[in-house]
């Protein structure tokens, strides 16, 4: 059971309701008459809980789980423990996401603008916003409806933030236009100067950073992640792209739609990335590269060349995944022999 | 001499006092009658300073040091410079830590709750706390006695923080229960959403993150480090574990007691780590792994498999340290030959 | 055209003025009578814009650019599009930096100390400073003239900051002395405890961190970067060094003048680095090393040994660049053969 100090449970739900919201097929003993109070991991669940099996690593937990209802792929139906009802679907994780969101809808704080927020007179704040103490909203900022802004966040002059944004505490936003339904976690830094200097033997001269950060809709930006604004061109993040914590995105980078970018990734200036590309943790990407759509990049890879659509790469310097794995296997085998 | 604008010196101490607090054996000329005003590195110390030698890299500094008293292992006694008194111990670094803590006890700010902190009516604040301007403490938060909370830190609804916490400025804490005597450095982010999405061809669906962060006693968390809350299970950090700056800890990760985790480490979701494990800088650990107790992981390693108790590993992908070093040596040798 | 909500344009400028401020040689049709309204990238520029070509990757943009004026090396003069005037110089990027700074001089906010900043009575604030809401300036802090301090930044007791500093929002500074004309981006953490513990089987003992952070003039420090103070010796950053986002600098590290340190670099305790050294993204440097001046370190390298002046190194563990590249090529070739 989620801790009620932090989360509010909107259950119970009947199997019928759960089947309808997920499009999954209900099956198992006594399906019609049961209802459920909560979601819970397989190994801790009881008869009133809904659980799910997506990653096969947790199959043994499934086989001995006491969960009353489990969301699984159809092939697992035969091995379900006695007394467990099932919701069968090809995509249990998405179905679980829907169910968990039904039990725990995003809690909306009361719309309330703290008298301890500082909002300049020329800023425009939409309807039904919650703005916490210590927030600073500068001149000419425009904030859409139904936004939540956490304590001590700073939004600099002229920024625009679309409706439905959830901005965490202690965030800094400058020179940016941000779309609808964006989530920005605490401590993210958006729109500061890129790292641009004309090097010189007497010292390095700062190059003015005259672009912006343009962020689409439904983007999520992790805690303490940094996104620099462009030098003249803009830095762009496409709709639906999800960025984890502590990621660095350099000036003029363009990232397409629905990408995943895992923690500690660094993307150097002016690199362009397509749609639905997945970048593993701690990957580094050099500047001025073209990375295609549907690319998968293994964790800790280092990219120094362009990568075409649909490729999977790994290693530093990165190579096609098969080539990289073959080289690792070869070196390991040779070292064993020589021993 | 530590800069008196930042640190208050509680000296002098006699050798007798220093020997007693460390359990070390005092030796050398005129031991009984000398006292010391400060701690100081070997290469800058004078006759009234206490210094120490722990890392052999600094032995040459020891041989020519003017320190009045030096904490060393017994085997260095014979080579000490003339006129230097000694404190002999098998563990000079711990002895130095005790001595330095005696000269510079943690300065406690006056207990004082700033009128510019915003504390919701249902929050409970312990005795003798210091709460700086701009702090936001939400409803139902419970803070123990003798805590210090730095400027502009945000503590969200329902969090619990044990007694003796030192929380730096600009920290964000959500959905967390934190033990006694914990130190959290500035800009750390604790308890935000983990990076959980059910991927889809039309876009990725956010999975509610319904767990907490549970942190034990005597834990230290570095500046700008991020610790995500669990998805349903909790993220856990055991007693005495020390985490450096800019570390990322994913949802559902469980870390045991007394581990060291150096800067820029990334630990992916649901990985479990034992006790007294040491993780070097910039290490990446994949999700859903079991890493044992007493494990040592070389800097920049990439772990994709479980690691048993007591192993030392290195490389990306990581291997037993000896195997990794042998492979490096082999490749270096072959490349030299071919040249 | 830079977005006028964020940037104020001080143009137009005549070619004559631009030639004078850069020392470049003006050439091309109608040079004497043209003037320019803005700077713009080659691929978006029009007849009233100034652009530049520095990185040969963008030569094709140059060949078809509609920019009215382009700053280039003399060897490109012959291939310029018809109607484009030129400013010829050996260093187009520095010349562009000067031109862009003329069009967009650093905007200085009105000198104004917010009544919502908390400034202790014994702090000294210079002339003509701008201090935003939520800033906390502790006792005995000294701030020079013409400084800008962003919202919710915390400056702890006794710190000194030289004139002309631009400090972003949500920054934390402790135990530090900072020179003139320093830029600190949002969320940087300067002067917190280093990661120092005497390890023990019963737990690890915290070692007091009794040093400071000393930062020279004209230093730039990136967003969410962390710089720990020394243990007794100080952590030092020399004049003109530029540090990107999310960098970790450990206690007692000494960095010389005019270095570049790219994002996600981690430098472990007590390492010393010379002048004009360039450190690529995600590099890790072990503790207690000596890295010379004029060293170049490839991205993602791992340094475990000293590096002499002027060397170029790469790989993990790092080697001279040529050796590293030769080893990579050898392994790739062998794996191809074996296949």
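When the chains are written out, they are named A, B and C in that same order, and each has its own residue count from 1.
The rule we apply is simple: a contact is a pair of C-beta atoms (placed from the backbone, for glycine too) under 8 Å apart; a residue touches a chain by one contact, two chains touch by 3 or more.
A quick note: this is a predicted structure, and the numbers were derived from the prediction, not measured.
S.K.: I need the common contact partners of chain B and chain C, sorted by label.
M.R.: Expected: A.
S.K.: Same or different, please, for the chain A to chain B contact, judged on whether over half of the interface numbers appear on both copies.
M.R.: different
S.K.: Distance between chain A and chain B based on Cα centroids, please, to the nearest Å.
M.R.: 28
S.K.: Would you pick out the residues of chain A that each touch at least 2 other chains?
M.R.: Within chain A, residues 134, 152, 170, 187, 224, 246, 264, 282, 300, 316, 331 contact more than one other chain.
S.K.: Considering the complex alone, what residue numbers of chain A touch chain C?
M.R.: My answer: residues 118, 134, 136, 140, 152, 154, 156-158, 170-172, 174-175, 187, 189, 192-193, 195, 197-200, 203-208, 210-212, 224, 226, 228, 232-233, 246, 248, 250, 264, 266, 268, 282, 284, 286, 288, 300, 302, 316-317, 319, 323, 326-327, 330-331.
S.K.: Which bits of chain B are touching chain C when the two form their complex?
M.R.: For chain B paired with chain C, touching residues are 2-3, 5-7, 39-41, 44, 55, 57, 91, 93-94, 96-98, 100-101, 103-104, 106, 114, 116, 132-134, 150-152, 168-170, 183, 185-187, 218, 220, 222-224, 239-240, 242, 244-246, 257-258, 260, 262-264, 281-282, 299-300, 316, 328, 331-332, 334-335, 338-339.
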